[in-house]
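Notes follow the structure.
Chain naming follows the written order as A, B, C and D, and within any one chain the residues start at number 1.
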């Protein structure tokens, strides 16, 4: 049944492209991201970068002369009904080979079982590894942040040895909760017990009361379990409330460029692992940053880099499963992928057996508003 | 072609769920109770079913029945303190109730899974189950609306004092409305649990409540067809607006304003009223010509 | 049949004594009048009888039953029905539906039967609508059955309200200024309806300041001024009572 | 620390009050729950941001934000409420059309901000602190408090000492009668919505400045808080909203400091629920509360 529809899809594509050589084919990638609604700040830069990546790949005849990638990009408004509809459509109508999904891990967990029914691979950057357990068709583009936090925790134990560690995290976001556990767990095991544990909501902006409370506890280190802009604001308000300017800050890969931009001088001395480093001199990164700036009139952020990298991985998987790529082949290709070119971390993306990829993120520290490798 | 139909199947499923919640919301509004507590009962039903079916292996039908009962009890309990309040005050009190349920679901994360939600719920409900549930609900809504209860609700909504002086016990009928509304919300909350693999606290928060209210006010408060139309509009609207890409929300917003401006009673109820007036006018004309 | 009896009924709003020490009887089968200038407290008395206001002192009895503290719907079940001074119809409902809601106290099917649609409830509804049509017929309103009640002419709205009150099959019917805004022809027409109702055994209380109308219909008239009962008796007695002339008619000029 | 938390509470509370004031003004006069108030609040922050970004001084940005969001609020009135006035369905209809209007405003905000969280440039406002014993004040906090107090006094004066207050009450009582008495209802609607919007706009810019975050979704949490504030203060009561705003601010700060923070919302909404049951008219509500039919 599916074989037939696949065949029909190819015939249809052939009919549309009737004037081209017979070998020419279109391979569809579907992008299902939140372009409106509260998570649009993630979805829009991702979708922008996806579009740019597809155009670049097609311009360079990445899949071979005459072949091209067709992008179907849709807005799910971070809404269950819509994402379910769009995934079904991607699989059954657009005959997409792979879906580039959204960043909301709760939603990804919710729709992962649907991927089993539809038998279509989806790759996205959910904040936790949890969706992996729900479906073999779900893949992660970024390393799960819990795992990125582990080297950071080790670094803190070995080098910083915080005596008065305060932890703050978003209590209504599972990613923040898991990251906090991944960080505080190893430290507590080594005897570095927190002197304060506070929670916030991801919609909070006013940390006046919290900051005053934390400042009164006189911490020498703070764990920031928050998104980039929110974490930066938190730091600014902490310092305004009287937290020492020498305080050491810890955070996750999520912090990235926005954190530095919003936080300015206040976020010096932040230790974090990083997904996208806008200071990277890797030629692909440089080209990506220039092209993105030119096309969208704003420098790329973490999310844009994720979207771009997803597309690179998806395209590479299609290429690896030529000729006649199928969804199973694409999934296999990603499962076996080694050293794919991306703009994350060190620039080379490798899938691992536990389906959590590696791309050489390292512990970085902010000095003069720039992330540099921590010594 | 068949594939295109398949594509819209999930949309149809969510539409059916929306109709269920819409009826829960309509039940109270129809009786003149401005409660927006349905979200809270749906949450209770959904979590109950999810937990007992997945963790304790309870039979799904039994679980759904208990969820319905929980909704009844919840509605009954909430109706007692709210009997004194009316209008916006009732709305805000029930909003507080919904927010309390959400924050408790976040707080007791060992039971509910907290913000990560309660996941890997077995999917035991499909389109046909939902369709059957909605059809049965429509039957009940129709029967109730044709019964003395329905007439009492209509009377209380339009003028409570008149209703009371005609022998309608406000307290009793408001309580009935709360109980029925809670039952529907609890039941469809449970259905949603068994349909969507996973639930999370915010699913039953402010957005849910605004959506349920929108279905009714847009569709109509006084008829059985109204909520179906309202849910249909709100389910199809995002799809219709899809080609507008970035401007989707703007378009949705404008359309909501326009519809309410032209049909302040709701699209369907407005239509019924309009037809009634036209028919009355036509009959008047005939009568005058005859005399 | 039972009389409605008010004994020493008073009502205080904050510091203001709106009604003081009213004694009154509405016997069955007769039309009793309650007159008085605007603001005399007539509607307050009606609201106390129908369960919308608390009594400060005194008691109200319907036959042997004390309804001083009964809730509005209990008063209706006990057999007291009313119309409102400023007509209150259910505006979205049709004329027929407005009347049918008046049958609420006669509904016999159980709540359960209504909820699940048992035959007892399903069959009852068309019967009540049929009774509603008969009532419309009796009041000459059949052709308006399916009109939205909100859109009717004033006089017709009054009739609908009255039909609705009659539909409850009351022992006592309280009519709060039923002919206000009607011309003499319409009022006389309605007066005949009242007589018919009284003849069927209902006790009518006619609250009016149109004295002429009251005098035509009532055997017993009570006069209220500034919350106090200043006179009672036959229309002739009351008309010649100097207190009434001074307080009531005096203010009329 | 408690002194410091009180100070923090009063400052955030005063911004809540500012936000809730416009909301309660519209409710008190026209019985409309204006959910688009969140969008107007966001617009104020956006206008302020773009003004500063284009090199205008902060005070001018504040004035522009006030005028701009006042006008936007009036546009909401024209588009969402004027259309259904007189239909008898305003209580319910206004909810839907104000949700619609809010969607439109948020959609515009999303486009303007390119979905990003915006922030004022670093030197927009001097970061200075004053210490009085154990209490730290920032210059910004002082300014916020000052602006709020001045605006509140101006508004109280306008509402209670000029004929405008009477006109508002006349129009909200009965528009037809009011216009017979020579009151121009159109003008009253304009002024009420303009004032409501201007106050929200100032609140938006204040929030944007103090918490360094301007976002097209910034309104919703404040809207939920506004519900709490207006109920505590009494729906429609102006000074009630002010006092309740302060109380909520202080309560929130103390709750964060002394209670498990995860239960803050449960406690706040629990409190709201209890107040509604015990005293539905709120702390200062004089407006007639809708209650059920019963002997009273």
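Everything that follows uses one rule, which is that contacts are C-beta pairs under 8 Å (C-beta built on N, C-alpha and C of every residue); 3 or more make two chains touch, one makes a residue touch a chain.
No experiment lies behind these values; they were computed from the predicted model shown.
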Most remote chain, CA-based centroid, reference being subunit C: A
Which of B-C and A-B has more C-beta contact pairs: B-C
Subunit A-subunit C separation of Cα centroids, rounded to whole Å: 73
CA centroid of subunit A to CA centroid of subunit B, Å: 37
Cα-centroid distance, subunit B relative to subunit C, in whole angstrom: 39
Subunit C and subunit D: spacing of chain centres that average the CA atoms, whole Å: 48
Where subunit C touches two or more other chains at once, by residue number: 51-52, 71-72, 91
Contacts with 2+ other chains: residues of subunit B: 106, 161, 164, 170, 246, 248-249, 265
Touching two or more other chains - residue numbers and ranges from subunit D: 88, 107, 110, 220, 262, 293
Partner subunit B, residues of subunit A touching it in the complex: 5, 35-37, 74-75, 77, 79-82, 84-85, 88-89, 92-93, 105-106, 109-114, 128, 130, 134, 171-174, 177
Residue ranges of subunit B in contact with subunit D within the complex: 29, 34, 81, 83-89, 91-93, 95-97, 99-100, 102-104, 106-107, 160-161, 164, 170-171, 206, 210, 213-214, 217-218, 221, 246-250, 252-257, 259-261, 264-265
Residue numbers on subunit D that touch subunit A, as the complex places them: 1, 4-5, 8-9, 11-12, 107, 110, 114-117, 119, 122, 127, 129, 136, 138, 207, 210-213, 215-218, 220-221, 252-254, 256-257, 261-262
Of all residues in subunit B, those that touch subunit C in their complex: 139-140, 143-144, 146-149, 151-152, 154-155, 158-159, 161-170, 176, 180, 222, 265, 273, 276-277, 279-280, 283, 287
Complex contacts: residues of subunit A adjacent to subunit D: 36, 38, 40-41, 43-45, 171, 198-201, 203-210, 212-213, 216, 229-230, 232-233, 236-237, 240-242, 258, 262, 264-265, 298
